[in-house]
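Chain nomenclature is as follows: A, B, C and D, assigned in order of appearance, with residue numbering initiated at 1 for each chain independently.
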Amino acid sequence: MNFQAILDDIVATVKPQLGAQGQVASYIPALARVSPQQFGIALRTCDGLEAASGDFATPFSIQSMSKLFSLTMAMQHLGDALWQRIGREPSGNPFNSLVQLENEHGKPRNPFINAGAIAVADRLLSHGDGVGQLLELLSALCNEPVHLDPEVAQSEAETGFRNHALANFMKSFGKLDNPVAAVLDLYFHQCAIRMSCQQMARAAGYLCRDGRHPYRPGVAVVSASQARRVNALMLTCGTYDAAGEFAYRIGLPCKSGVGGGIVAVVPDQLTLCVWSPALDASGNSLLGMQALELFAARTGLSIF
Amino acid sequence: MNFQAILDDIVATVKPQLGAQGQVASYIPALARVSPQQFGIALRTCDGLEAASGDFATPFSIQSMSKLFSLTMAMQHLGDALWQRIGREPSGNPFNSLVQLENEHGKPRNPFINAGAIAVADRLLSHGDGVGQLLELLSALCNEPVHLDPEVAQSEAETGFRNHALANFMKSFGKLDNPVAAVLDLYFHQCAIRMSCQQMARAAGYLCRDGRHPYRPGVAVVSASQARRVNALMLTCGTYDAAGEFAYRIGLPCKSGVGGGIVAVVPDQLTLCVWSPALDASGNSLLGMQALELFAARTGLSIF
Amino acid sequence: MNFQAILDDIVATVKPQLGAQGQVASYIPALARVSPQQFGIALRTCDGLEAASGDFATPFSIQSMSKLFSLTMAMQHLGDALWQRIGREPSGNPFNSLVQLENEHGKPRNPFINAGAIAVADRLLSHGDGVGQLLELLSALCNEPVHLDPEVAQSEAETGFRNHALANFMKSFGKLDNPVAAVLDLYFHQCAIRMSCQQMARAAGYLCRDGRHPYRPGVAVVSASQARRVNALMLTCGTYDAAGEFAYRIGLPCKSGVGGGIVAVVPDQLTLCVWSPALDASGNSLLGMQALELFAARTGLSIF
Amino acid sequence: MNFQAILDDIVATVKPQLGAQGQVASYIPALARVSPQQFGIALRTCDGLEAASGDFATPFSIQSMSKLFSLTMAMQHLGDALWQRIGREPSGNPFNSLVQLENEHGKPRNPFINAGAIAVADRLLSHGDGVGQLLELLSALCNEPVHLDPEVAQSEAETGFRNHALANFMKSFGKLDNPVAAVLDLYFHQCAIRMSCQQMARAAGYLCRDGRHPYRPGVAVVSASQARRVNALMLTCGTYDAAGEFAYRIGLPCKSGVGGGIVAVVPDQLTLCVWSPALDASGNSLLGMQALELFAARTGLSIF
């Protein structure tokens, strides 16, 4: 397939709609001032072929996409023991809801809602890892240095009252081992990591190649079975309360972030990242989702 | 792959555990008296190859597996208009919960929870279809006459108070067009259909062959896109509140029923049905789920 | 106190607002066609003094006010055993909500929400009582024959889907002993009883005189302790999800109905009934509530 | 009535059960080490007559009973404007639940659940008041200096994760104007105030005398109407999710705390405080509740 032509075509189709619909995340100033007039897309196949179009080289705040990699680190360290503290089911509720957490005594439904990612951060801290290790992993995975924006991390810490509430709530159930402040510090910093579409498409590459490192063929980031399971979790839980909609319309495992990025996996074939800052009501990139739908339609690629 | 050997091996592995764990559905006498000492498995590939082992020819009550075919009929007739009345998201709640239905004003989350299937039945009635049409569809799909057990339908009508509650609740929100009694009559009858593993593996065949009829190659049961979308719905919503667990452990679109059957799809390859009456706490066949996990592990087949 | 002057004054104050705000209950035709241009008020003291003004002699559909008397009958027969099936706490939810009932396994929070009154009806049936006994009790209490409107009962049966849902839901938890149809038949008939303000103020008289019958001084309708407890239940649960508001603004035990009536008790002093068909968002009579507030302010009568 | 004899009799009846049932609050060490073998009771009439028995002079941690006085201060300052941020309805949920707060966008149901009292603390801070003003009010009301236990306040701050969650949650909805840390600091300090039964019975005295100060007859603590409304709120919301039970069994406005104290009001007659540290499942003093029931039975005093 001529992926470059397909991506160029998607950019041409999507660009006229830039800024027409959706809202840039506005809960912190650093995100609110990002221009909605941006769209990038990049992919990398299992064989290392690449294609990219639009603003594919512009770094953006990866936000919840970081949950994919913190989960990966936690699976590396803990294996199935991780699931003692975190479930694996879709939540059926908004990503930052506390209702379910109360009914389920502080055990988050899955690692991709905020509460679940905070619980993963707690597990990483107990293992001795922090944001430094996460940046190292990401830099290795995309073969380039990756950084974070300290202003964004600071803003999230100052205004992320809902996340403070979630962490204290889990702590009240005895479900966090580390101090709330330390756990949130890691969480807010991981959300503030900045990457481009191209970097993200590269970094997620182990998910389409049975866990093998995209740039170090002999290294297993995770096992083949774990890679498949991360993909399964992305499909059922990766896009907030729109997971059913993504599966229905796009048919690929995806993980989104409120920075406007979405990374998708076509198992055994490629990984793909789109980015456009304006979000729909579920918190997923509006044009990003549309671009993925176009990509699935043009290529026929779908896990179903 | 030597599917017959794999299925025989699964039967040999699973048989010693028959009856040791789980509970046969007991809410109606006709289901409660089914012996838990039964296990069957059957598959049929896109090319028409078949393999089967254990009690694969024994008819059982398909129960919620019927929702797959009533949904198929509704998609044939209504296309996307169906989704005005029914959502496409995992519910995050037990299959017969009313809580979410209240918050969402009587619109069921998806067509595979009971409320959603009752809404589908209402749509079918408005289109002029009933259980006769559904039996015709199933008979054609598995190339053999399919029947229902009127005693089971009668028992469900007499004791299915939760379903009566669900239907009246939706009616109170103006979300059913037909009389509650007529809608439930169809729903209880469709749940009382009896099929064997082999018949079910055959009947679901259109889901692994882009919607084409398993026995009439020139006939499209649904479009290729619709078939993929049904698979997506099965994966995210097909196994009650264990959809995340199925995706994680098995990695295939599945639809289960409290009669103990589970049908699974490997897109572009095969459809598979397992049956064993003892259920786990989520209402899914305990050994059926274990057999599917063995199958996925032995064959390496997974959508992820 | 010159009660007649106070009631006349309230009528004069309230009349100009008749029909300006609020909505007549519209879920059945027989209620929807009641004119909102009506307002009545009547009281009767412990000593048998009476005052009344406005449309105090016009019969109206007592609806949920009947729950006061079905509860009284159930307490007569069962005493504290009644509370095995029904709670005594405010629900914090709308009167016809199913959410709480699911969390609490079919045991209604209190006898004044619909689910609770349906459970009371089930208890009465098991004791051998029906709507005939309830009409007898009411006729004796107000010293005049009391009737019901069969058209209203029929309409409620045909359109009361939410109540059908509630009853089937409780039945599914094993919390109703009698057939759903029989229980609802009693419930719909009790709601269709018609009384005037004057009749209601008389009938509730035992609640301000330690349980003694308003017209037969030697007869105890309920014990003194039971009468106080019914008053307590009215205060905490008698006005749907506005009980706190009633306590705060009016300070008297009240029971309302969607027919627009509200009966209030001043312990050891008097009972009072107001009626005006237009309702507020909680389902309580808008002008009735305002009239009670005026009455409390003018007389200084309050239990607090 | 010979109140001293009645109180002595209650002490004699209750003492043999000391320590037999219930649990002392254990969430902070300073409360957990309080001996359950203590029981005190004290009352003061509108005329200034006093009676007291048992451990009536032992100071205890008033905990949530402080909410009565912080509400009083807020009503003094803000009047009805207070209710823009806080509701007046029973919650129907445990005192520290977050579920309802999410559905109602951060507006607490009433001022006596934790979320509501935190909202009241925020209002007081905005008015320039802190724990110093609250201690002044209490000292004046009971005519003796009142202090707080800084160790308890510190412990609550360090371990009160649920309250940290509630405050951050409300802040996330924009429903707190002051910094979370400042609001919680006031809240944790007010809960750490220590008073004896006798002091509490005296301090609450304005609630049985139309708002007039118990020791300064010419001073109105609140208006007569406000005093009645505080009593109404105590009755419908003052005892966590057991308000219906208190109204049914005791029939008096009450406010309880997890330190084991309960203060009750008999309007126009007296205020009463009982204390015994062992709690029931709702968080109310087990023997305190039983003592109030005995008191109501022996004296016939009830608002119903």
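Just so it is clear, a residue touches a chain if its C-beta (ideal position, glycine included) is under 8 Å from a C-beta of that chain, and two chains touch if they have at least 3 such contacts.
Heads up on the chains, UniProt names are A, B, C, D = Glutaminase.
Just so we're clear, the structure is a prediction, and the values are computed from it rather than from any experiment.
Chain centres here are means of the Cα atoms, and by that rule the chain farthest away from chain C (Glutaminase) is A. Between the CA-based centres of chain B (Glutaminase) and chain D (Glutaminase) the separation comes to 55 Å, rounded to the whole angstrom. Taking each chain's centre as the average of its CA atoms, chain A (Glutaminase) and chain B (Glutaminase) sit 32 Å apart. One inter-chain figure worth recording: chain A (Glutaminase) and chain D (Glutaminase) are separated by 47 Å, centre to centre, where each centre is the mean of the chain's CA atoms. The touch graph of these protein chains is a ring, one cycle where each chain has exactly two neighbours.
Residues 87-93, 100, 109-110, 227-229, 231-233, 235-237, 241-245, 247-248, 251, 253, 267, 302-304 of chain A (Glutaminase) are the ones touching chain B (Glutaminase) in the complex.
Interface residues of chain A (Glutaminase) facing chain D (Glutaminase) in the complex, by the touch rule stated above, are 97-99, 102-103, 161-162, 164-166, 168-169, 171-172, 180.
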